[in-house]
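Down below are the structures I want you to see.
Next come two complexes, and both contain subunit A; in the first it sits with subunit B, in the second with subunit C.
Right after this comes the complex of A and B.
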């Protein structure tokens, strides 16, 4: 039997009169990589924040490993620690070095000893190839390096799933690759991942399933080969045509 | 040698005693005010409606009324209404601390808001609880950001201590007044007092600059 890690059932998120997410049902199994694509403003980020327990849905249920998060009296911060989250902006703690950014959760949430936290943090930094930069402050790192530290901060906690919210969207083209490579490594190691991205190469290579969202709804779900060759819906076709407009030879 | 300022040496103990009171009151008030300012800023940013109303009433009262009036309220009005006697130094410390806290709340709240929301969300995402987010992420950055604003606060508090003479505290201005009256040399005495205030405040600001350089973190100062 496949193990469901995270599941959203009929998730709605409404801000005032704006409906950001309109009844999305989605599930991620252990070891899977699912990629959400869709135009800006299609509700991807909001959906991911709801699934990451960073925002409470207006309606609908979030299940983490089978438990209804908001129906139970579970400690939300404990659950959040098991769901890694990588943001569009690296969002590093600016007063802490790369190493201390990764260590903070290990020390204060998982309660590891100083030595153990340091060892694990360095290991995570090594995985994202940022070990040499451990003693640098965020402002001394490039956007791509900061984002890799952000990924290290998430993986160091040994989460059951990592959610990526367009991690390369705010990076220059040449910096995107270093982040994408790290994500590709993670996917190949069998990390359970839910990724919102515009990087179609990456999506095609690592995704088990592509989820196309528009106007707060899931419009199409398909395996990557099928989705990229023959999108079923007109909206997905148009979105891809626009996205690929400037890209040749992929 | 007999110069126009020689009499100061004869009264040095009066000046020194007054000066020590001024310095002590300043440092204690700014320190307690920092604690109050942090609490008030947290209350205003994270508290419920009632908390925010209380915080803002406190801040507006102390920022919106003259310090001397506040001293009268806490030294004369409240004790006589409630029928107790308060030590003037205690009353002075209470008023200056509350006063400083009201101003520092403004600086600290601004600095806490400068610790971007995205960092708070990132802190949530690794499982930190609200009080841990404040303690490990928001406050360490806010305090560094707020140091330049403290220059104002320290200088203004040091000068405010002069108002304490209205409730009979023997601080530095009050000591100078005594010397001026006894020596009949008000011009020399107050000139000397002004010079001491200037040196004192200038020194504190220089020390604060050094502290700022010491705790500065690359990139964090740009937030201001």
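Right after this comes the complex of A and C.
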């Protein structure tokens, strides 16, 4: 019996006249890594924010571990603490050191003692290889280092799933790798992950399933090998051709 | 009276001028932050109320508020008869509107991603404001708050009109006694500069450096 961690059922998100997400159904099981790819503006970020309980869908249901989030009287904050979220923009708290960024949730949400929070935060920083930067402020770190601390901040909370919203999109090429490596480690350790990204190598290597989105809808769902070798839809083919700059056959 | 004695007489008013200014700054701070928060996060009725407060007290001269309290409310409610209380209250209420605006733009510059990142950790909105938004907004606001203190030090001179023994009052006593306006007003100008400059200048430098260091 597979355990569903997070599920979106017929999720819609409409801003004024713009339909960002148009009836998406998606589910992530424990230990799975699912990768969403698709052009900018295809609704990936909005869908992820809905699933991360950061935005309320206009229509549709979000189920966290089988419970309908908005139908129940559950405390949203408590649920969000179980869903890690890594943003595209550097979102570290700028007035806090790397260590304090990771500690904040442990102290103020989980209520751990100072010592315990410090121990867990350092452990998380070690996992992303940022331990020796613990006392630095975000402004003193590179974009890639900031993103790694952002990942540490998410994993320190021991979430049931981590959602990544294009974590490398705003990074220079040479900084992307250090972040991707950390994400690859996490996936291999069996972390439940839902990742929106344009990094096709990463997707191919770690995804259990590729979800291709366009115009707010899921266009194609397939295992990576199949998706990259023989995309079923013309739209997915064109998207990949564009992303790979015309390189085919890999 | 020698010029030195005259200057010393002016200096005696400094604790009162500073006391009124800093007390009204503290009052404005205590009221200004909640008003800024209500305007941003309050939802429509509360936000409108906070907006109305800001608009009203930013448009009415301090002197009007002060006279209304002292001569108007003072004739009915005993506490407003006290010129010190009335000065601090009126300066503080007006300053709250200014400080609310300073904090609002500071909170705006902290950005929405920070709020979302805080919420995603499981913090409540209140927790996010307390641990993430306000500490950063406060740093951004430091230069503005420095100018606000300087403004209050100058505006505290209005309270001489309702009988507070502050610097302007001492200057006018001195003018009457010496039948000269030169030393009283040049002397008090020097003292006002000496009082306001360190606040405005130091807080501006400190705040700007902090902002640069943290990339705010």
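Operating definition for what follows: the second predicted complex is superposed on the first by the 245 of 250 C-alpha atoms of A that agree within 3 Å, B and C clash if a C-alpha of one lies under 4 Å from a C-alpha of the other, contacts with A are read in each partner's own complex, and residues count from 1 in each chain.
Basically, a contact is a pair of C-beta atoms (placed from the backbone, for glycine too) under 8 Å apart; a residue touches a chain by one contact, two chains touch by 3 or more.
Computed from a predicted structure; not experimentally measured.
Taken together through their common subunit A, the two structures put subunit B and subunit C in a clash.
Of the two partner chains placed by superposition, subunit B and subunit C are both touched by A:80. After overlaying the two complexes on the shared chain, residue contacts for A:15 are found with neither subunit B nor subunit C. By the document's definition of touching, both partners, subunit B and subunit C, reach A:104. Look at A:54: by the touch rule set out above, it reaches both subunit B and subunit C. The interface of subunit A with subunit B overlaps its interface with subunit C at residues 49, 52, 54, 77-78, 80-85, 87, 89, 91-95, 104-105, 108-109, 137-139, 153, 157.
The residues of subunit A lying in touch with subunit B in their complex are 49, 52, 54, 77-85, 87, 89, 91-95, 104-105, 108-109, 137-140, 150, 153-154, 157. Residues 49, 52, 54, 77-78, 80-85, 87, 89, 91-95, 104-105, 108-110, 137-139, 153, 157 of subunit A touch subunit C in their complex. By the touch criterion stated above, subunit B contacts subunit A in their complex at residues 115-116, 118-119, 121-129, 132, 136-137, 140-141, 144, 217-220, 222-223. In the complex of the two chains, the subunit C residues touching subunit A come out as 113-114, 116-124, 127, 131-132, 135-136, 139, 213-216.
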